[in-house]
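Shared chain: chain A. Partners: chain B in the first complex, chain C in the second.
Up next, the complex of A and B:
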């Protein structure tokens, strides 16, 4: 048995098989349990080491060959696999509450397998192709056959497809820069290519206009899954470039560019969020700001940037999951109509947990104390402040915008006549999933060290970055 | 020498096909042009890859075109609202193709200087297709046009990338991407067709 077979091919196979499962509950149990099992194996069973089970000996080899190249999942990838498949289990178990199990579980497993393959493929440059294939698989997940595809979906397809050639060319040029480091023209060309590729891939300003549109057009839970998985893997892929090429890692201009771009995303995302009157779009701009946080983290001092980036990932994943689940529940109540503030007035009285999920997830993104987003925001702010005071102020402006967006949504949700009674119209499954998620938000906020054993090993994926 | 002449003929073929694709208003012509485009792509890729491997591009391209064609044949031409902020006339499109061709002609020697060994016709063909593909995306928002635009950009990129990367894995993954684009296009076209029409 090899690690790529276990964490790439098996999930893709299970995903393909679940297309034939008729019952939603069985689908969720299969997908969720499979993801949980894969996370558990990554946590317990060491890769490339013999594990004795009585008379039997089990060894998971780290690599597998594919068309003359290899897929490699080292022991250092284990924490990454735990987080990815652990989060997937959470998403899949929540799919029933969001009413999208039939689309999310099969496609989600295949997409996750492909994204893990993109981290495992050697040379790592080819990951761009696997990410593109994952994007193509995501299209039928976002847009069901009975729904006319909207502009956001088409833009998503265009932007993600355009990103791939830039990254592949940049990788080739980077090899040339390595061979002749003094060639300034080549260095500039490769950096511009790489920047454009990741700008498309990570939906960097101003290429993020598809996010709010897709949020309008499709199920928030499914879009949330994509907004969690794609930027997370693309960021780790980007970190691979920084790890591989010393001149990129040590380039003050590149790091400043990353910080400036991230800041632009946080500020624009925050400002748009502050003036939104649509809960789905509000979430979209928050996701934009979240990507901005990752870019800022990557642009900080290389010694600490990796730790802060990985600290952002669990909080981001949990926040987006709760937010999109809450939105999905409210959207089902709203007969799949867009969630404009005018149609959400007073919903806190009939959907208290879903409303709490929306508010707390948005507050967490804004870095509100006691919530999961607070510790990484503080670390980020401190790191940014050490680089430039002006940047730290702009960062605060972005957070303020997100906070205003959250406060406005809170005002809309509780806006109702006094005599309206409080009832909980969520189903038990919805209550259970939201409850678990909300507790998780507080645990990560109050005890950020809870995930430390996994988070502190994540940077070991890279040979030089963060050392 | 002969191969070089044929390569330039392939570039001219790509120019004619690209112009046809941009001017055509009938999906049958579109699919036909797309299929012929991949013959030019095959020839230019074969300058750097063994013909057997280059044939993968041809077969995959034809499969993607077939998937789109079969879907379009089952749906009538949709009366979609076309964005009117760009001029839509044929003269304008012809002018834009001319601009793309001039751009390709001026950029080709520069690229050849910075990356020697790829070959002028290969670069010219690749840049031309990327340019016209971007024109498709910039001037038309219809789904079939968007997919054809993306396939054209991919074809242009693959012509140049084949000169610098000959890995079988890359060839396989790029084929999956092309085929995937065709299938996704077919899926989205089906999804955007009213159920009654499909019955």
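Up next, the complex of A and C:
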């Protein structure tokens, strides 16, 4: 048994098999349990070490060969696998409440397997190809085959596909930079190529306009899954570049550029969120700001940047999951009509938990205390304040925009025109999933050290970054 | 292994008091769900509140107390972790909140909705959160407790109102308080940027004003605003607790601001704003048709005085006004049945507010930074209006039911509820904290007392000083302030249309071309910054 087989090929295989499962409940149990099991194995069973179980001995080898390429998942990847598959389980179990199990579970497992492969593949440049395959697999997940793809989906495909050649080309140039480090022109060219590639991949300003469009066109829960998985893996992939190339890691210009780009995303995402009248698009802009937070974290002091980045990831995942689940529940209620504010007035009285999910998730993104987003935001803000007070003020502008967006949505949800009694029309499954998620938001907000045993091991994935 | 009880127990006192209140609240909720017919809910609630009150008194034996919760990790990212401390400035706040919780439950015995265990659970929870707020040992802890209070208040208020306008006002109030949280965080960032993580012991000069504005914003003082001017159906019990705990949690921040950190050219402006709140609140309180209609004005008027104390570098004075707000106000707002001698005893509150020597607020007009002479007469006038309003509301002839018409058992319990609030006001004038046994600025207090007497004389003689009818009380200050808010709303809509236009352009048919153009411009801008 090898780690790549266990955490890459098996989930892809299970994903393929679940296409043939007819019942939604069985589909969810299969996908959720498989993800939970994979997370549990990553947590308990060491990679590359023999584990004795009575007379039996089990060893998971760290590497496997596929089409002439190596897939390597070291023991240091275990915390990453725990988080990825743990979050996947959460997403898949929530799929029933969101009513999208049939599309999310099979495609989600395949996409997750491919994204894990992109982290494991060596030479690491092939990751761009694996991410592109994951993007292609995501297309039928976002838009069913019997539907005409919307403009947002087409742009998603265009931008993500454009990113791949830039990264591959940058990788080729980087090999040249390693051979002749003094070649300044080559260095600049490779940096610009790399920057453009990741700008497309991470949907950096102004390349993010597909996100609100896709949110408008498709199921919020499915888009939420993509907005969680793709930028998270792309960020870790980008950190891999910083880890490998010392001149990238130590370049003050690159770090300043990352901070500036991140701030631009936080500010534009926040400002656009403040003026939205559509709950789905509001979520899209907060997801943009979330990616901005990661970029700012990467541009901070290298000693703390990885810690902050990994602190952001669970809060981001939980926030987007709750937000998109709540949106899906309200969209089902709205007969799949777009979630404009005009059609959401007073919904808090009939869907209190889904409304609470929307509000608390949006407040969490805005860094409201007590919620999961607060500890990473405050660490990030302080780190930015140490670098420059002006940047910290711009950061504040972004947060205020997100806060205004959350307050406006709250005002809409509680705006009842006539006397309406408070009743909960969510199903028990929906209540259960939202309840668990909301408790998680508060636990991470009050005790950010709760995930410390896993998060402190994550930077070990990199040999030099954060050391 | 032997436990070192002398090291473990004192810090635990803070948590014991809070847990007593929270556990009682939880027990009430569980009893309500599992045994709706249970008849001793009130006794459980009063028992828990009484034990909590006793435990706060016990804090005095081991002061100062401190309690640190598990550290936030990684330590390299978080310079602070949640921690609580009780000293001689936070203790009177804690005692006043525990007293308020006890008094709310004791006076609940005469309410029309008795028994109402959910409302009692709400009051106990709010007081527990208030206790955590007043003992917060650093800004991080305070913002966490503020957030908990704001969310609790949001849920409580939303459940108690109907209609879109009321809901909108609640959301605006919540947003304003959230803005106060952001300002406190900004103070922390400014402090970090100056090279020093902020705590309440050493606030850098750059951050002091942000702290003041954060507290002022949450109190409705800076700038003057009254989000809850028209009170909801939450009247005496839970409503009083909600208003007073919320104000206390913000006032406590003022006591933590060192005078040295307030030396700024903006200080006179803030003093004028505090004065405006005190005078406006005092005037509206004086003329309010009844004490509940005037409650929001009571809060902003006294908060204005507390902010002025903070601006004069007088933490004891700030604490004195804050504690008076809870104790004197609590006694008045919880008094819902009529009895002549009890009405007269309520006048102890007027003594509490007088700033006369040995009263609770004796340190209220002490001045540790100089200046302030020009503003003092106006503040004294505001104080006189507050006292006269208090006397009028305490003594007014009322159509409220008489205590004699209540069940026999309540005739002892209800006065005990009012009495405990009055008793603590008197005790704090003499014992237990930094502002006790003070002579204070006796000249100012005598002047305020004379002004009070003058106003009392003038009230029946000048119609302008008479109370307005209830329907004349506006829900919020209108005219210019409303115009300002309208203009801000217009600006918001303009930017909304602008953002919509840009979004439509980027998402339209030619969007990809525009996007690539923006990208090129952005890359060009970034590369220009290179040396």
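Definition applied: the second predicted complex is superposed on the first by the 465 of 467 C-alpha atoms of A that agree within 3 Å, B and C clash if a C-alpha of one lies under 4 Å from a C-alpha of the other, contacts with A are read in each partner's own complex, and residues count from 1 in each chain.
FYI, contacts are C-beta pairs under 8 Å (C-beta built on N, C-alpha and C of every residue); 3 or more make two chains touch, one makes a residue touch a chain.
What you are looking at is a predicted structure, and each value in this text was computed from that prediction instead of being measured.
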Given the touch rule stated above, what does A:158 touch, chain B (first), chain C (second), both, or neither?
both
Under the stated touch criterion, which partner chain does A:303 make contact with: chain B (first), chain C (second), both, or neither?
second
Let me test your reading of the model: by the given contact rule, A:168 touches which partner, first (chain B), second (chain C), both or neither?
first
One more residue to check, A:271. First (chain B), second (chain C), both or neither?
second
Considering only touches as defined above, state whether A:434 meets chain B (first), chain C (second), both or neither.
neither
Of the two partners chain B and chain C, more of chain A gets touched by chain C
If you stack the two complexes on chain A, which partner ends up touching A:131: first (chain B), second (chain C), both, or neither?
neither
With the two complexes superposed on chain A, say which partner A:67 touches: chain B (first), chain C (second), both, or neither.
first
Can you list the residues of chain A that touch chain B in one structure and chain C in the other?
151, 158
In the complex, the residues of chain C that touch chain A are 70-74, 76-79, 82, 140, 143-144, 146-148, 151, 158-159, 162-164, 167-168, 170-171, 174-175, 178-179, 181-182, 185-186, 188-190, 192-193, 197, 492, 495-496, 499-500, 503, 506-507, 511-512, 514-515, 518-519, 522-523, 526-527, 529-530
Under the definition above, what is the set of chain A residues touching chain C in their complex?
151-152, 155, 158, 192, 195-196, 199, 205-207, 209, 212-213, 253, 256-257, 260-261, 264, 271-272, 275, 303-304, 307-308, 311, 345-346, 348, 368-371, 375, 378-379, 381-383, 385-386, 388-389, 392, 396, 399-400, 403-404, 407, 410-411, 414-420, 422, 446-449, 452, 455-456
Would you pull the chain B residues touching chain A in the complex into a rising list?
114, 137, 141, 143, 146, 150, 153-154, 157, 161, 164-165, 167-170, 172-174, 176-177, 180-181, 183-184, 187-188, 190-192, 195
For a test of understanding, state which residues of chain A touch chain B in their complex under the given definition.
66-69, 121, 126, 129-130, 132-133, 136-137, 139-140, 143-149, 151, 153-154, 157-158, 161-162, 164-165, 168-169, 172, 185-186, 189
